[in-house]
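Chain nomenclature is as follows: A, B, C and D, assigned in order of appearance, with residue numbering initiated at 1 for each chain independently.
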Amino acid sequence: MSLDVTSIRKQFPILNREVRPGVKVVYLDSTATSQKPEPVIEAMNDYYRRFNANIHRGVHTLAEEATAAYEQAREKIAKFINAPAAREIIYTRNTTESINLVAYTWARANLKPGDLVILTEMEHHSNLVPWHILAAERGIRLEFIPVTDDGLLDLDAYRLLLSQDPKLVSFTHMSNVLGTITPAQEIIKLAHEAGAITIVDGAQSVPHLKVDVQKLDVDFLAFSAHKMCGPTGIGALYGKANLLEAMPPFMGGGDMIKEVKLRSFRPNSIPAKFEAGTPAIAESVGFGAAVDFLNSIGMENVAAHEHEIIEYALERLEEIPGVKVFGPSADKKGGVASFTFDGVHPHDVAQILDRDGIAVRAGHHCAQPLHEKFGIPATTRASFYLYSTKDEVDALVNGIYNVKKVFG
Amino acid sequence: MSLDVTSIRKQFPILNREVRPGVKVVYLDSTATSQKPEPVIEAMNDYYRRFNANIHRGVHTLAEEATAAYEQAREKIAKFINAPAAREIIYTRNTTESINLVAYTWARANLKPGDLVILTEMEHHSNLVPWHILAAERGIRLEFIPVTDDGLLDLDAYRLLLSQDPKLVSFTHMSNVLGTITPAQEIIKLAHEAGAITIVDGAQSVPHLKVDVQKLDVDFLAFSAHKMCGPTGIGALYGKANLLEAMPPFMGGGDMIKEVKLRSFRPNSIPAKFEAGTPAIAESVGFGAAVDFLNSIGMENVAAHEHEIIEYALERLEEIPGVKVFGPSADKKGGVASFTFDGVHPHDVAQILDRDGIAVRAGHHCAQPLHEKFGIPATTRASFYLYSTKDEVDALVNGIYNVKKVFG
Amino acid sequence: MDDLYREIIIEHYKNPSYRGHLDPHDISFADNNPLCGDHIQIDLRVDKDGKVTDARFDGHGCAISQASADLLIESIIGKSVEDVKKLGKQDILDLLGIDLGPVRLKCALLSLKVLKAGVYGLGEASDELVE
Amino acid sequence: MDDLYREIIIEHYKNPSYRGHLDPHDISFADNNPLCGDHIQIDLRVDKDGKVTDARFDGHGCAISQASADLLIESIIGKSVEDVKKLGKQDILDLLGIDLGPVRLKCALLSLKVLKAGVYGLGEASDELVE
């Protein structure tokens, strides 16, 4: 089934935005953050206008409603990634906090000096810096699965690393620069055989692909609502219940406790143990609505649509003289096209495209080591989502020709 | 000037909510979370419908607008508490995260085994459990400023504790149970004289009083947007620039870095250093709108109105046989009335009040040690804000008489 | 909503039949509701066939938590431990004869959670026991 | 918006007058823009009266960052170090002759940040230098 993009786009009010009089936005920056459909915005409005209250500890109607909505959203999210139980979903601020949570709790409780953690060369800073901090503090060892010239992970090199008794393998499911979809199931299986725990950075995969944590058999999965039609300010960490239960708490405060004395406390059971303080309640409601929205379209359809767009985009971009797109071919990647354009800095490309309302991102996209690997300081990145169209790809291509004109 | 509560209430759509047909909500639970006025809700809608984008790294129009709005809100918040510079405001999820941030960074970098941290017996769990965790991990010593029978801090006992060379004094500016407004300026002055750093838990003070960090000379101030007419999912930590600059980072990831190599990173300058990953952008916009809203009314007026309400509430509650209100007299507290009602558990009081649409909270209000001190497991708490009215106090009093009837 | 305080609840709260302790006992377990500090302790005597011959509860808390404890104890005396292990959320709601929101549900289920943690011999009472 | 790429900017970007290094130099400092990896290094020669006698920049980055570096260097040769310390955001905007949003502003101000960190002898270039 191909998507009815016209009717989908009607649900995203921002797509009608004129960035300047007569210049409509062409939003090609969904990898940074997705736009939000009206049902998600309205779910949060309904919360604020009708049943806003603090959760858990309240017995009045508003508090009961808010608590129920908060927990129902958790169930929806659990189902969306096929988690066995809702209590295996921890609300966080974003993917970054999800990974840091594991680094501050599981990793600090389980990793000793000299222990090996395997990452990849295509990681987002969110899956690098927490381990840099831990390496400096604790003396763990970091090794990296290399990225090949065509933007894939070198699995032979990975197998060699696995022989060094790794304790943790943490890697992205989809590169936010190259678009590469990594063979997560295989990487996890090999990690488990080597006795390692696994974390998947699902920031880019959960919004764009059908992700099934039981099929992947992943131990931890991190993702953000704001990249999957949901609000800012909320993300999730999925963890296997036995791991989460054995982990020490992260932040201390309200709701994460069972009992507090003046000098000690007993932690609550999961998921509350990891949700200290008043959480992002309205945002949980919005997150649940985003999952409903994506389910109503079907993740298979989302993925198929994006595949169609990226195939077309790669074809059109590669015909422009001076444009070089990074990453694998369309069949091995999601809807992300990062490119350089000879003689023009990506910042300038992005700025000049903006004159035509075209919103792309320029820079290292929080993946500086990957850019270093390819010997470039920055790229321009166009990225697509379920509301993207081939007309928008055409606008991008025309825009790049306009850039050429400015720089002569 | 007395508040025009009628016109204020018109801006809070939820205050017209009927919890059941014909039963309008009487919201007396603002200490748990405040309600949100329409301008705050609309500011976030405008963000999502008109200029939603990821911040900082984007050069397109939407990203520029989102970045500007995110930083303008920071400036508004800084001004609201009279912080010398906007970069001294770190966005967090809530008060709880703000305190944990200091515990994970400043405290872990500066406190050694045996070092003394002074708290009080009236702290919220958010200002207890982070220190319990640190005490277990690091062997720091915790001592507590005692609470007197009438709910005040015992400053003589505090002076004695100060002679033991404390490194940190962390305390609440207003108790969320007793309503007690603590003499923060004096406590801080004494702490500084003893060479200690100070943290003020401003979760209850910033929403209800004019708080001036320069006048207080406080080192860190923690507060939450959701308690001050703002959205859930965002809070703030104010810190003196020199302290924040010297602190190690907390979470690792995007935006908090200046440069990332495969095996190391350089942290960004403040505030970005402490804001890893995509932050709560829509929520920052809402937070800024909440500050605008409160400014338009005037914090002195808010405080004066609440004083009028709590004075009336204490008078009316104390005339009910069997009701005992905890905490000091109206002149020493904010708009919080926690009470017991002979023979009826607070949960049942709250539940039966809910029949009349009256939303109060029951339990230990995340201050279990304080309740233990008073020898009670729980209280019923009615709390007030700028939209509260004397009619609502009357409804509460009538409701308590109805509770009496049910329990015979 | 008036259902919530059906007379049966007020009655079992004010005049519980099974409040107390058993000494000696075969099983004893206690826990709090972290949300409100409600506390329930349950003592059981179990005969060699695995049947509950006597039971008592003690604690403090709201009418819902205390009445449901009393009703629960009443319902299990004479039952086998195996049957007790099978009790779930719905059984408590049936005993109370009311429907509850998520927060008060925790009050209602506290006694069952304590009971099941006791008969399973667990170190901690967890919410999954009563899902 | 077309202003953003005024000819003067494209011209200074494509044909900078002051790109290079000074060896020997009295002051040298380099830094990145963390948002985009733009890099600027500045070398200065200062005479005994505290006057900048010569200056060069090198680095890579967008037209805005490189053109503003070239324009900045041009403007400080012959100035006293004390005057250089007084330069601020507005001076750069005046040199460029355009208005910028917050993100591109960082590109434009990178060279000034590097310059000021250098003349103040700081270990780190910080944003407050160019506020």
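Quick note on the criterion: a contact is a pair of C-beta atoms (placed from the backbone, for glycine too) under 8 Å apart; a residue touches a chain by one contact, two chains touch by 3 or more.
What you see is a predicted model, and the numbers here were worked out from it, not measured in a lab.
Peer 1: Where centres are the averaged C-alpha coordinates, which chain has the largest centre distance to subunit B?
Peer 2: Max centre-to-centre separation from subunit B belongs to D.
Peer 1: If you average the Cα atoms of subunit A and of subunit C to get two centres, how far apart are those centres in Å?
Peer 2: That gives a centre separation of 44 Å.
Peer 1: Can you check how far apart subunit A and subunit B are, centre to centre, with Cα atoms defining each centre and the answer in Å?
Peer 2: 31
Peer 1: Give, as an integer number of Å, the spacing between the C-alpha centres of subunit D and subunit A.
Peer 2: Chain centres of subunit A and subunit D, defined by C-alpha means, are spaced 36 Å apart.
Peer 1: Out of subunit D, which residues touch more than one other chain, so two or more?
Peer 2: If we look for residues of subunit D contacting two or more partner chains, we find 35-36, 104.
Peer 1: Enumerate the residues of subunit A that touch no fewer than two other chains.
Peer 2: Within subunit A, residues 20, 57-59, 63, 257, 259, 347, 351, 354, 362-363, 368 contact more than one other chain.
Peer 1: Would you please name all pairs of chains that touch?
Peer 2: So, checking each combination of chains, I get A-B, A-C, A-D, B-C, B-D as the touching pairs.
Peer 1: In the complex of these two chains, what residues of subunit A are touching subunit D?
Peer 2: Residue positions touching the partner: 20, 344-348, 351-352, 354-355, 362-364, 368, 371, 377-378, 406-408.
Peer 1: Give the list of subunit C residues in touch with subunit B in this complex.
Peer 2: My answer: residues 1-2, 4-5, 10, 14, 35-39, 60-65, 104, 107.
Peer 1: Of all residues in subunit B, which touch subunit A in the complex?
Peer 2: Interface residues on subunit B, with respect to subunit A: 13-14, 17, 19-20, 25, 27, 29, 32-33, 35-36, 41, 44-45, 48-54, 57-63, 93-97, 99-100, 103-104, 121, 124-126, 128-133, 135-136, 142, 144, 224, 226, 231-234, 249, 251-257, 259-265, 276-283, 347, 350-351, 353-354, 357-363, 365-366, 368-369, 372.
Peer 1: Can you check the complex and tell me which residues of subunit A touch subunit C?
Peer 2: My answer: residues 56-59, 63-64, 67-68, 71, 85, 87, 257-259, 268-269.
Peer 1: Enumerate the contact residues on subunit D facing subunit B in the complex.
Peer 2: Listed in rising order, the residues are 32, 34-36, 101-104, 124, 126-128.
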